[in-house]
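Once you scroll down, you'll see the structures, which are given as C-alpha cells.
In what follows, chain A forms one complex with chain B and a second complex with chain C.
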Partner chain A sequence: MGSAGRFLTRTRGRGRLHWTDWLTYGYLVLGIFLMFGPVIWLVFSSFKTDAELDRFPPRFLPYAQQTVSLDGYDKPLPLFRVTGGDLEGEVVAQVRRIGLTAQVVRPDAPGEVIKIARGERVPVERVRLATENYRDLFERFDFMRYFWNSTFITLVATAITLLVNSMAAFALSKYQFRGRAVVMALVIGVLMVPQSVVLVPLFMVTREFGMLDSLWGVIIPGAATPTGVFLLRQYMLTIPDEILDAARMDKASEWKIFWRIILPLSAPAIAVLAILSIMWRWNDFLWPLIALSRSENYTLQLALNSFQGEMHTQWSSLLAMTVLTLLPVALVFAFLQKYIATGIASTGGK
Partner chain B sequence: MAGEQKPVDTSRRARLELRGVKKSFGGAEVIRGVDLHVEQGEFCVFVGPSGCGKSTLLRMISGLEDISAGEVRIGDEVVNDIPAAERGLAMVFQSYALYPHMTVRQNLSFGLENLRTPRAEIATKVDEVAAMLQIDGLLDRRPKDLSGGQRQRVAIGRAVVREPRIFLFDEPLSNLDAELRVEMRGEISRLHGRLGNTMIYVTHDQVEAMTMADKIVVLRDGRVEQTGAPLELYNRPANLFVAGFIGSPRMNFLSGSVEGGRLRLENGEAVRLPEEGFSLREGSAVTLGIRPNHLFPAAGEGSGLHATVRSIEQLGGDSYIYAATPTGDQVTLHRPGQTDLQIGTDVYLDHDPQVAHLFDSTNGQSLRQV
Partner chain C sequence: MLLRLISPLMNLIDLPMQFLQRRFGITRLAWVFLLPNLLLFGTFAFLPILLNFAYAFTGTDKILLMERSFVGTENFVQLLDCDNYLDPNTCVRDLFWRSVHNTAWFIVLQVGFMVGLSLLTALVLNRKIRARGFFRAVFFFPVLLSPVVVALIWKWVLQRNGILNAGLEAVGLESVVWMLDRHWAFFWSVFLSVWAHMGFYTLILLAGLQAIPRDVYEAAVMDAANPWRTFRRITLPLLMPTMLVVLVLALIKGVQTFDEVYAFSGGGPGSATTLIIQYIYETGFAGAPRLFGPAAAASLLLALLLVVLTGVQLWITRRSSNG
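Moving on, here comes the complex of A and B:
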C-alpha cells in the first residue's frame, strides 16, 4: 500500500499542489469517470428492479420499496409513509389503489382499511440488490447453455487461430521460398478488406460446407486472421536465425524447432494475439447472428440481443446478463495483460 | 552416424575433404572452387578478411548452406545431400545462439534429447561437460543471466556434449573483450588437446589463427590463397596477400626492379636483395617483403633505405617506428627495447636479406625456389 499510495499521490509541487498537479489529477479523474462511469452504472443498474429502472429521473443506487406481510393478505403489501391528512407521519401498508385514492392499513391493525389521497403518501424505500435479476437468468433463461456456447467458441477458435497463425507466421518469417512476398502481400491485402464486404460469400461458403447453425460454422471461418499472421510474423522476424541454425545442428526437426524454439520465444506476441482473439470471439455479434439460428446454439451476445423485443425489452435481465458477459473477458485481460507488459524476450545472443 | 555415439576417441575423429566446392548466391559466386583436406584430429583455422567467404564455407561444411558445385566429404562419405542435422557435426556460433528460454542444462541437453539419448545418460554427460568447462554452477540459470564468457562456455559445452565428429567454430571469440579472448583461446586449444576431435575454426584474427591452428587456410574472395602450418605461412608466404595478412605489424613491401642483384626503387635508391633461394631475372619487376623486425637502422650513415620517421609507439619492451620513404611507401620497424629516435628525423634502414621475401610484382606470387 505504501509505495502504491505514494505513487498515486505524487505531486510536482513540493508540499503544496502546483497548477500542473490540478491539471493532471483533474484529467486523470475525468478519465476514470469516463471509463469506469458506464461500467459502474451498468453494474448498479443490473441490481435494480424493473420499476426502479423505469423511474425518471434515475437514481444511482438500486432502491426497492419495502413490503410487509400481513395476516389476511396473500401477497406482501408495499409500505408508504403518509405526508398529509389525519395519518401524517405514519407508515402504512397499501392494500389497493382506486383512482386517486389508496386503501391502506396500519401494519399493527391489518383489519381496518383506511382511505387516503394518493398524493399524500410516498413509498418507503431502502437500498436493496435485486439479485432475482441474476437468479432469473439461471432459472428462467438457459444462461449456462449460452455461456457454454460462447466459451466453447472462444476457446476452440482461439486455439485454432493461434496454431494456424503461428505456423503461417513461422513459414513467412523464417523460410525462403518462391512466392513468399506474394503470400505476404496477400495477407496484408486481406487485412484491408472489411468483414462486411465478405459477409455474403462467407455465408454461402459456410452453407456449402454444411456448417450453418452449428458452433463450428462460427469457429472455422474466422480461424485464420491476417492480423494475427502479420503480428506474429513481425515478432518472429526478431528471433535470430542463428538460434534456428543452432537447433538444426542440434538435430531438431523443423517441427521441433517450431514447437520448442519458435513458439516459446514468441510467447509475448502469442499472448497478445490470444487476448485479442478471445476478445474478438467473445464479443463477436454479427457473424454468429448470421451463422446461428436455433436458440440453443446462441452465444451470450445473441442471447442478450434476444432480450430486446419489438414491443418490450427486459432491461433487468438484459443488464444482469451483460454484467455476467463482461466478467470473463475482464478476468482474461487482467490475467494475461502482464504478458503484454513483460513482453520482449531476451535473445540468447550477445 | 553410429560412430559418433561411441565414447572411443578415435571414432569421433573424422577427416574432412572439400573438392572443387563452389557457392553462388543468385549470380554472385562467393566461393570459387575450394579444395581442402583436413586430417583426423587436426585443428584447422580459416582466416581471411571480412567478406572472403570463410563463414559461408563453414556453413557449407555444416550443411546449413547448400553447395552449388563440388563435393564435401566427411570421413569417407559425401555429405552434399545430407541435412545439417544428420552430419554429426556441432557448431559454435558467433552470437552463441543459445536458446534464451531454456536453462543452461536444457541448452546442453537439447541436442542429446533429439538424438534420443536416455535421460540418465544425458544428465551424466551434461554434468561431465559442465564440470570440464567450469559451468557446473550455472546449470539452472538462463542465458540472459550469464556473462559473455560464461555464455561462450555454454555454447562450447553445447557442442562438446554432442560428441560430434567435427567441431565447427564461427568466430566464437569476436564478442569477448581482449582479456577473455586470450583466456578462451587457451581454453579451446586445451579442449582440442583433450578431446582430440577434428576442429574447424573461422576467424578474421590472425593472432588466433597463429596461436591455435595446426593448419591455417588463408582465404580471399572465395579462394584459398595458401594452406599450411602457422610458421610455414609466416616463413614462406606463397604470395603478397598471405605475406601481408599473416604477421603483425604487417610486412613491409618495397617494389622496384632487379638491377645487378639489388632492388632499384623508383627514386633510384638501391636495396639489397636475397642472394639465394629466389629466382631472379635481371630487369624484372619485383616486390621485396621485409618483416618489421628484420628492418633496422643502418650501421653507416648515408647508406641503405632512406626514410623519414612519422610516428613512434613505445611499449616499453618494444618500439614500433612508422616511417615513410621518399617514394611514399610506408615502412614499419619493430625494435626490441626503447628507441631514442625522434619524429621527423631521417633514418637509413638496412635489412637482413636472408630472411626477406621476394614476390613477382605482376602476379603477386612468391619467387621462392622450391
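Moving on, here comes the complex of A and C:
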C-alpha cells in the first residue's frame, strides 16, 4: 500500500527514474495510444481506396494498385505480377477477368491478349494517397453547402451571443436596479433547464416564428446563453466602477461606456466565450436534427450522420468527410489550446 | 479589420440609446441593455418551459396547442404504468422504461469510470513529468471533437473488418461483430462517451490538485507521514469539493447523453443503447404519429431530475467558493 501511495502523491525530483516514474510514463504512453491512435487511424484510412478499405487484416499505409493507360483501352488497366505459368515474373495489365481465367496484355505489346489463371497473379501495389476520396466530396456530394451552413450558423450565432450576452452582463454587473436579483435567478433557471428537455414546445415556438427548417431556426433559439451571461458578468464585476464614473464626468453616453470601455476591458472573457460558442455551434447536433429537415439546410454534423445511415455510402467518402469536419476543430485547438482549457475549466463546459 | 466593420454599427446604436438614456435615466437604462437577452430567454427558454406542461397534459399528434385535447394526467399514467418497474416488458410504454434502465446503467458506469479515470489522469499529470502541457492536450483534445466525429472514429475502429478485430486475430482470438451484440454495443457506448469527455473532468481535477497549497505537503513530510496516508488524509479531503462538482456535473451531462451514442449505435441493436433523450426525440419527432404528449411528459420528468441535480451543483459550488 505504501508504494501505491507514493505513486499517487509524490512528485519525484531529478535523478534516477523510480519505478513509479516508469508507471507514470507507461500510463501516459498508453494514453497517447488510446487517445491519438483512433484519430490517426481514421486520418490514414481516409486516404485509402475502397478496395484497400475492405481488406482484412488492414494495412497501416494506404496502398493502391498501380494502373497503366494503354492504346486501345478506354480505362487505365490494373497491373499484376504473374506468379506462375509461362509468364512468371512478368508484369502484365489485366484487360478483363472471366471466371477463373484473366485476360492480360504485356504493357509493351497491348495488342496481344494472353490468358492466365486467376490464382497466378498478385496486384502490383505502391503507397498512394487516394485523394480522390476528398475530391469526390466536392464533386459528388454537396460538401461545400454543408460546410457553408455550419460556418454561417457558427459565426452568426456567436456574434449574436457575444453582443446580447455582454449587454446583459454589463447591466447585471454595473447597475444597481430593482429586480436585479430576480433577473439573476431567472438566468439560473435557464441554466437548470437545458434545451434538450423542452424540445417539443421549442419546436412549436420556432415553428410559429416561421424559422423551422431554416438556418435561423438553429441560430436564434440558443443565441442567449446563461453560461455567457455568468462568465461575462463575473469578469465585468472585477472592472472598477471608478472608470465608469470618470467617463460619465466626461459626458460619455452609457452605450459609449459599454462599447468603448467595458467591452475592450473584458476582451479575455469575451475571447473565452467566443471560443466556447464556436465549439458549441460547430458541434451542435440534437437541435439541428429536429429543426432542419431538408438536406440542403443540413449542417456538417447532420450530413455526416445521415451519410453513415445510408448503407450504400462507402466508407471512403465518409472517412474523408469525417476528417474534414474534424480539421477546423484541430486547427483552432492547435492555436488556442490554452484559452480553451481555461475557458472550459472556468465555466463548467456549458 | 473586424473592429472597423463593427464600429459604425455600434455608433449607430448610440443615437437611440442616448435618447433612451435621456428619457429613462441611467439606472433604468439597465433594462434596455437586458432587453435583447431577456427577450430571447423568454421566448426560447421560459415560454417553452411553461408550454411543456401544456403539452404534457394534452393528447393527439397536433402541434398547435389549440387543436390539442386535454387528457389530464393520462400521459403520465401511461408512462408510469408498470407491473414491475425492474422489468420494462411489463410496462405500457416499455421503450420508455427500457431507456430509463439503459440511462441508469449508463450513468452508473459512465460516471464511475469517468470520475475514476479522470482522477487517476489528473494525479499522473500533477506529478513532475516532462512535457506536461503536451500530455494534458493528449487527454483533453477529444472534448473538442463533435459527437458525430467521435462516433464515426470508433465505428471505424470497431467495424467488422476493423483494426481492433485485426488485432484480436493477430493474437489468436476470434473477431467479434461488436455492434450486433447488445452488451458489447452498450460497453462501447459507455467507453466512447468516457473517451470523449474524460479530458474535461481531468482538467477540473488538475486545477483542484494544483490549488492545494504546497506547505500542507511539506508539513506532512515533516511529520514523516507515509505517502498513502498523505494521499488519504490530505489530498483526498482537500480535493473533495472539486470531486463533488465533477461528480454532479458528470451526472447532469450523463443523463442528457444523446448525440454520440445515437450517432454511434442508433440506439441499437434493438433498443439496447436507447437513452432517455433518444426516446423523447423518437417519440416526438422521428415516429410516424408524432406523440408530442408522451414526449413532453417524459421531458418533464427528466427536467425535474435535472433541476434537482443542478440545484445540488449550485449549492456545492456556492458553498465551496464561500468557504
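Please note the rule applied: the second predicted complex is superposed on the first by the 269 of 350 C-alpha atoms of A that agree within 3 Å, B and C clash if a C-alpha of one lies under 4 Å from a C-alpha of the other, contacts with A are read in each partner's own complex, and residues count from 1 in each chain.
Criterion: a contact is a pair of C-beta atoms (placed from the backbone, for glycine too) under 8 Å apart; a residue touches a chain by one contact, two chains touch by 3 or more.
These numbers were taken from a predicted model, which means no experiment stands behind them.
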{"item": "Broader residue contact with chain A after superposition on the shared chain, chain B or chain C", "value": "C"}
{"item": "Partner chain(s) touched by A:Asn283 [first = chain B, second = chain C, both, neither]", "value": "second"}
{"item": "First (chain B), second (chain C), both or neither touched by A:Leu265", "value": "first"}
{"item": "Which of chain B and chain C A:Leu28 touches, first, second, both or neither", "value": "second"}
{"item": "Touching partner for A:Lys251 - first (chain B), second (chain C), both, neither", "value": "first"}
{"item": "Touched partner set for A:Pro240, first chain B, second chain C, both or neither", "value": "first"}
{"item": "First (chain B), second (chain C), both or neither touched by A:Gly119", "value": "neither"}
{"item": "Partner chain(s) touched by A:Gly222 [first = chain B, second = chain C, both, neither]", "value": "second"}
{"item": "Partner chain in contact with A:Val39 - chain B first, chain C second, else both or neither", "value": "second"}
{"item": "Doubly contacted chain A residues - partners chain C and chain B", "value": "248, 253, 256, 345, 348-349"}
{"item": "In the complex, chain B residues that touch chain A", "value": "59, 62-64, 83-86, 89-91, 93-101, 110-111, 114-115, 143-144, 148, 151, 158, 162, 175"}
{"item": "Chain A-touching residues of chain C, taken from the complex the two chains share", "value": "10, 13-14, 17-18, 21, 26-31, 33-34, 36-38, 40-41, 43-52, 54-55, 63-65, 120-121, 123-124, 126-129, 135-149, 152-157, 159, 161-163, 165-166, 169-170, 195, 200, 203-204, 207, 217, 226-232, 235, 245, 249, 253, 256, 258-259, 263, 266, 277, 280-281, 284-285, 292, 295-296, 299-300, 302-303, 306-307, 310-311, 314"}
{"item": "In the complex with chain C, residue positions of chain A that touch it", "value": "1-2, 4-13, 24-25, 27-28, 31-32, 34-36, 38-39, 41-42, 45, 54-58, 163-165, 167-168, 170-172, 175-177, 180, 183, 186-194, 196-207, 220-224, 226, 229, 248, 253-256, 258-259, 279, 282-283, 285-286, 289-290, 301, 304-305, 308-309, 315, 318-319, 322, 325-326, 329-330, 332-333, 337, 340-341, 344-345, 348-349"}
{"item": "Partner chain B, residues of chain A touching it in the complex", "value": "240, 242-243, 245-253, 256, 260-261, 264-265, 267, 345-350"}
